[in-house]
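There are structures below to look over.
Okay, so chain A shows up in both of these, paired with chain B first and chain C after.
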Partner chain A sequence: MVPRGVAARWRRAATAPGKGQGSLGGREEAAAGRESHAACLSPAGQPLGILDGIPIAVKDNFNTAGIETTCASNMLKGYISPYNATVVQKLLDQGAVLLGKTNLDEFAMGSGSTDGVFGPVRNPWSYSKQYKEKSVPKSHSEDKESNWVITGGSSGGSAAAVSSFTCFAALGSDTGGSTRNPAAHCGVVGLKPTYGLISRHGLIPLVNSMDVPGILTRCVDDAAVLLGSLAGHDPKDSTTIQDDFKPFELPNLTDVSKLSIGIPKEYHAPGLSSEILALWSKAADLFRKAGAKVVEVSLPHTRYSIVCYHVLCTAEVASNMARFDGLEYGHRSDMKDSTESMYAATRREGFNDVVRGRILSGNYFLLKQNYEKYFVKAQKVRRLIANDFVKVFRSGVDILLTPTTLSDAAPYTEFIQEDNRTRSAQDDILTQAANMAGLPAINVPTALSERGLPVGLQFIGRSFQEKQLLTVAKWFEKQVQFPMIQLEEVKKHDSDVFHHQKSASLS
Partner chain B sequence: MRALLLGPWLRAARGLPRAPGSGHRHRGHGGHRPQGPLRQKVSVEVLDHLEHLALVDFRDAEGVERLQKAIQFADQLHEVNTNGVEPMDSVLEDRCLYLREDDVTEGNCTKELLENAREKVEEYFVAPPGNIPLPKLEERETFLQGSQ
Partner chain C sequence: AAPAQQHVCPAAPPERGRLAPWVPVVGLEIHAQISSNSKLFSGSQVQFAAPPNSLVSFFDASLPGTLPVLNRRCVEAAVMTGLALNCSINKKSLFDRKHYFYADLPAGYQITQQRVPIAVNGSLSYSLCIDNKMSQMVTKTVRIKQIQLEQDSGKSLHDDTRSQTLVDLNRAGVGLMEVVMEPDMCCGEEAAAAVRELQLILQTLGSSQAVMAEGQLRVDANVSVHHPGEPYGVRTEVKNINSMRFLAKAIDYEIQRQIEELENGGTILNETRAFDSKLGCTVPMRDKEGQQDYRFMPEPNLPPLILYDAKSLPANMNHQQVINIDWIHERLPDLPSVKRKKLVEQYGILPEHSFTLLNEDGLAEFFESVVKQTQMKPKKVIGWILKDLLSYLKQHSLTVKESPVSSFLLADLLNLLEKKEISSTAAKQVLAELWKGEGKTPLEIVKEQKLELLQDQKELEQICQAVMAIKAGNPKVLNKLIGLVQKKTQGRSNPVLVKQLLEKKLSG
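Now for the complex of A and B:
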């Protein structure tokens, strides 16, 4: 979709020596993109907006007019959206170029981007010099392809696209961590905005009370730019707040002495790798040494957030998935005996195990005899979780610092040993509570693990205080100087000997 | 563990899950651990009922086992004391949210909307005959049938 000229010019500009590894070349690409676009696509020479000519990828659960939107499900294969999601429209209005729709877990249910009908997403870092140097092949004849790692999910495709320099930024969605989790595994910035800040109109819903569009970029400044274009009240989404949103540029914070960083002790969750624990500690020290106040805090209901999410999510899913019956759009079964049997057959054919499982669980929790016991109970626990955060922020803490994931990205073959629900329950544990409480949170790529894979840390902020959150994140990003991915060309036919290896390193 | 379990659960269960009663003030099932042997299995009647409500089938023993595990997992909620706590519907409950005015501002896109439907006649979506309930468990093609 992007004219070859623009793409080529953009890529060449991106390979020019940058300001150093930390900045990740965001600004150069933007400029190159804008110039190229202005030169060859806009006859009047006037840029359409701040994102003019910038290639952006969009997760395939956002409606895009005239373009297939599948949610990686058979249920929507062939479905051509008749309209643009508000966020997509906003990007296009600013001149962004829609590069493509990215892969995900089916209907955004999952934490690996492995359960969509188009197959799993491979983490670009699997093909990085950094990972390959650290991985020890078991034998010479071992297919080097087989130890590729997952991207995390469910916005894995978006994260991979940004991480591999395929696009400048990408849209994801975040219901339980679906933007932050793959961001951490792919070494990119993943922002979950406050619930109510960005319109969900056109985002095929999973959990209406928790879904938000997510932003994936290579640096925090870029995330702020995207946020500026997307945030604000939308009359088509009554869950967006009415307050005026003013796009902002992030200041270069130099003095953190007035900042209070909270370290929630419950986020030292079972299964947290010692590597990430050490990194988290180091990060806390970093803030402390720079003069910030770093305190341990408690969010006592953290360990119930996953259970609570499990009930509320499946209940809302049961409701949201009811619209897929084959009558007006999407897959339709050939069954003709009755409307009900047609619906049942359509849904039987269209949904995968994961989706069906959640629908059935959700319906169970919503049964009259279970409603109070499970659904209402979960809603009460949700309030307790949200209140935990309120109490902590009220005590003077500005930002919370936590790990984003329990470990670095797992190899695909290992990840699929456990089923989707188990994995989601394990992987969402650190990201989920922010969705429960509707708070903004961001993953900042921090360092490489011993296996040469990205590890990120998460900052959680107060409601609608994205500017503060991003300012702190930007300061941290500058301190850690996360390395750029060094991609190597994969020789598919010759996995044993790498003769014609071309290093497409961008450093 | 992904092994198909065609064991004890197939036999008629010991009854439906206990009705809530004072469920929302209940502190939990005393000393019962969710994974204990006293955990009730979901009856075939409820499973059948769920298939009717959801219009989605369990497909195989794994599907049913998935539900069992989900319920077991959710039971942990009962460890939490929620006395006096109001349920939370939305994180924006303290704000005024508005519906837009009930004015038609766009539309006339019948053609576009019909394009995605597989079966249609003129401007109608075509459905098979309605008011025919799903066949009963015995007559239906469902995995649960084997358990009768």
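Now for the complex of A and C:
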């Protein structure tokens, strides 16, 4: 495959008008520049690196040198970052082409990718044949577009970009499920690596003690490739582990008889759709029939993870957002009466309600009189949640199998009926605990729902055992043969480029 | 805990003799800028008086997505200082965020060590003189509560005429050691002496240059007063003390202010006050009104700081990656207190002398250098150093380094004196001449001014005989004496005057 040709095809698809709001426009110059750079530097066909010429999208909360980095917030509109995040630099060093920055919930706060200043992200599956076939219009006059579904969040733009073939892979971030959730809704692989494996230098933080860069790809093998390029100690990030990381290729697992799969009963959460429950059960059977040991396990403190997260997340948010005062960079209000009034006006103008709400909550929890009751208590509960996993993994279980989301993607009009906080609390329930414990977890697209939308299942592994996790995920992916999205526009052009087999889905 | 032994403090006696005596209590929070090439958590340079905002890294400017990386040299400096102050070094210490909004604090929080600092429970011994006569020194001890590592803030300059604030972030992120001294002191003099000793220790270690004028050593004082036997009073914090001189003044003023306030039936507010050096008083600081809640939170981007000693050091650990407390301890230089003792033991000088020697930068080295180059006993040399040389330096506001009289020249002069070639009066004259720095040697000056001691035995015998003869009542000898004086002064003296002088001297 000639990089230039691939990139050209990808760009045509990406700039198809209307749909998406996935990529924040104007980055094409950068992509074109990089792509011709790639072509120039490999005249004899020598690749720059393992990702030479591969178009990759990056969530807009990663710093990209010379390129606007907004976090989908008024606070950073027009902010041109002077440096590359370590993960971005690593991608570029391997020859990747930065196709664009992707849309998100403002400052990564949200589970729908609906609350950024550039507007909501539309799930490409909204325009798929599979979804359209299953959706019944309520009346002839109804706007065809009104029942488009959300991508999930907060890395919705990245998931949409990968899902709609605008790029091979994308970077997201994952603090409470922000990579896995949209991966599930958009039918792509979403990997949350172990905390400390991949550098956060240059990732604009939400919760420093839980954030990780996330990887979104079309298949598990690709996720392993990306992981290989990104993982490893970064002296600029003191929370990365010192140990050497060796990139790996995934073996083709055939024999799962030595595997022990844990099914945590608490993940049968209130609100879990019967569809997904059935799918989860079928998946467990799949492993059982193939000879693996499948056991029910318990993670008793799972139900506290949301409140715990609420305290710890808002506290860190209040702290991390303190730097946005309009003085050094970003939006500055015209208010000039005093420094304090300038701060207040800048922050009111720059942040949306969600961000401001979390800042206020966080400051409340950090007040001297509240610190022990809330913050320290939450830290202790966090330890209990993490210990749940330790105990289960020590008991002989290798991998946990859970649903990723409670249901398939909701229509936008329905999703916005509830506020951001309510939605986040609902949607994070199955993904949040892995962030509490710092464990690696991956969403594997599994099947289509009755509405023709993707549903994924989640695997959670032991700390730093990404190879085992991905190996199992790859085996599962092969079993389920998740169908390819049938997008009208793409089908018209170059469907022959994509070598995906169509097989019976799990449903 | 009981306060340290009291010497007579100026504030202690009761006002107007009608009320019970007051016990002033003084504690200190001292911020010492760490002497390092780069800042505490970033690689930008540390330099005084650089062009504004020229030493600011992305992290210092709090650009989103940047992370702190701990500077090893800063940790070593803190460990050295902790050891020198007899502290326990915490093998595990933690970093925290202290939140407040201010123009010179780009991140909206300072990274500090609030929960578990790097060193705790130490002590500092310092000396001060009773009665300002340098004749009697007393040793005091102040407990060191803790030493913590933290970031310095930037500088903001308020331009009231243009209603704007100018912010320079060069200093933002520079490493500081905050040394907290327990309220064991009772007056400005004690506080100043303690700070002075700390300054000398820091300079000896090299962990901080501790020059107050360059903002490398900043002192905040906590002051309160109470009656003996009663609980401690409400304390105020005094900030903005820019020199050692002002330190004692500010504290003593505040003690007086509190006493007067209380004796007039008022109360002391738990507030922060700034020292106004022009007015010589403390004034409330407007922008620190009300209690600040700093919303302390653990710094999530820095793992706990782990230090090792010889016992706990893992076998295969990379030496570059770890800090070994014992290794640092072994390499500590002699502290001032040790140096003073050694000087006393080696040279037989008094403790007060060695105190002054160490108190002036370079003076001890100067003294030792002179001693090496002269036969004169150190006990005698010390007088010349402390009385003559030092007073000249002080008069002309010169440092030892800037002295026009080098140790070589002084030693040369003292040798002449020791060999009895000149009198000590003459030596002082020579010194005055040397001070002009015209490049002449002591011998040259002696010759020039004819200051040689009258060594000629015969001459002296004659003079003595003449004096005895006059005493025995022979007035004619007076003329002989006049003649001798004329000879001595090469005819330059006024004979009438000489006669008058001689008569006067011989009669009484």
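Basically, the second predicted complex is superposed on the first by the 445 of 507 C-alpha atoms of A that agree within 3 Å, B and C clash if a C-alpha of one lies under 4 Å from a C-alpha of the other, contacts with A are read in each partner's own complex, and residues count from 1 in each chain.
As a convention for this text, a contact is a pair of C-beta atoms (placed from the backbone, for glycine too) under 8 Å apart; a residue touches a chain by one contact, two chains touch by 3 or more.
Since this is a predicted model, take the numbers as computed values, not measurements.
Asks: Touching A:G438, do we find chain B (first), chain C (second), both, or neither?
Replies: first
Asks: Counting only touches as set out at the top, which of chain B and chain C does A:I80 meet: first, second, both, neither?
Replies: A:I80 contacts chain B only, not chain C.
Asks: Of chain B and chain C, which one touches more residues of chain A?
Replies: B
Asks: After lining up the shared chain so the two structures overlap, which partner does A:L327 touch, if you call chain B first and chain C second: first, second, both or neither?
Replies: both
Asks: What is the contact status of A:I67 with respect to chain B (first) and chain C (second): first, second, both, or neither?
Replies: neither
Asks: Name the contact category of A:A290: first (chain B only), second (chain C only), both, or neither.
Replies: neither
Asks: Going by the contact rule set out at the top, does A:S361 touch chain B (first), chain C (second), both, or neither?
Replies: The answer is first: A:S361 touches chain B but not chain C.
Asks: Does chain B (first) or chain C (second) touch A:V390, or do both, or does neither?
Replies: Touch partners of A:V390: none, neither chain B nor chain C.
Asks: Do any residues of chain A touch both chain B and chain C, and if so, which are they?
Replies: Touching chain B in the first complex and chain C in the second, residues 82, 209, 235-236, 238-239, 242, 318, 325, 327-329, 336, 339-340, 343, 363, 367, 371 of chain A appear in both lists.
Asks: Considering only the defined contacts, which chain A positions touch chain B in the complex?
Replies: Interface residues on chain A, with respect to chain B: 79-80, 82, 195-196, 209, 235-236, 238-239, 241-242, 301, 304, 307-308, 310-311, 314, 318, 325-330, 332, 335-344, 347-348, 351, 353, 356-357, 359-361, 363-365, 367, 369-374, 376-384, 386, 419, 421, 425, 437-438, 463.
Asks: Taking the complex as given, what residues does chain C use to touch chain A?
Replies: It is residues 58, 61-70, 97, 99, 101, 103, 106-109, 163, 165, 167, 293, 295-297, 300-303, 321 of chain C that touch chain A.
Asks: Within their complex, state which residues of chain A touch chain C.
Replies: Answer in residue numbers: 62-63, 69, 71, 76, 81-83, 85, 200-205, 207-209, 235-239, 242, 315-316, 318-319, 321-325, 327-329, 336, 339-340, 343, 363, 366-368, 371, 375.
Asks: Quick check: in the complex, which residue numbers of chain B touch chain A?
Replies: So the residues of chain B in touch with chain A come to 2, 16-17, 19-20, 23-24, 26, 42, 46, 49-51, 53-59, 62-63, 66-67, 69-71, 73-74, 76-80, 82, 85-92, 95-100, 109, 112-113, 115-119, 125, 127-130, 132-135.
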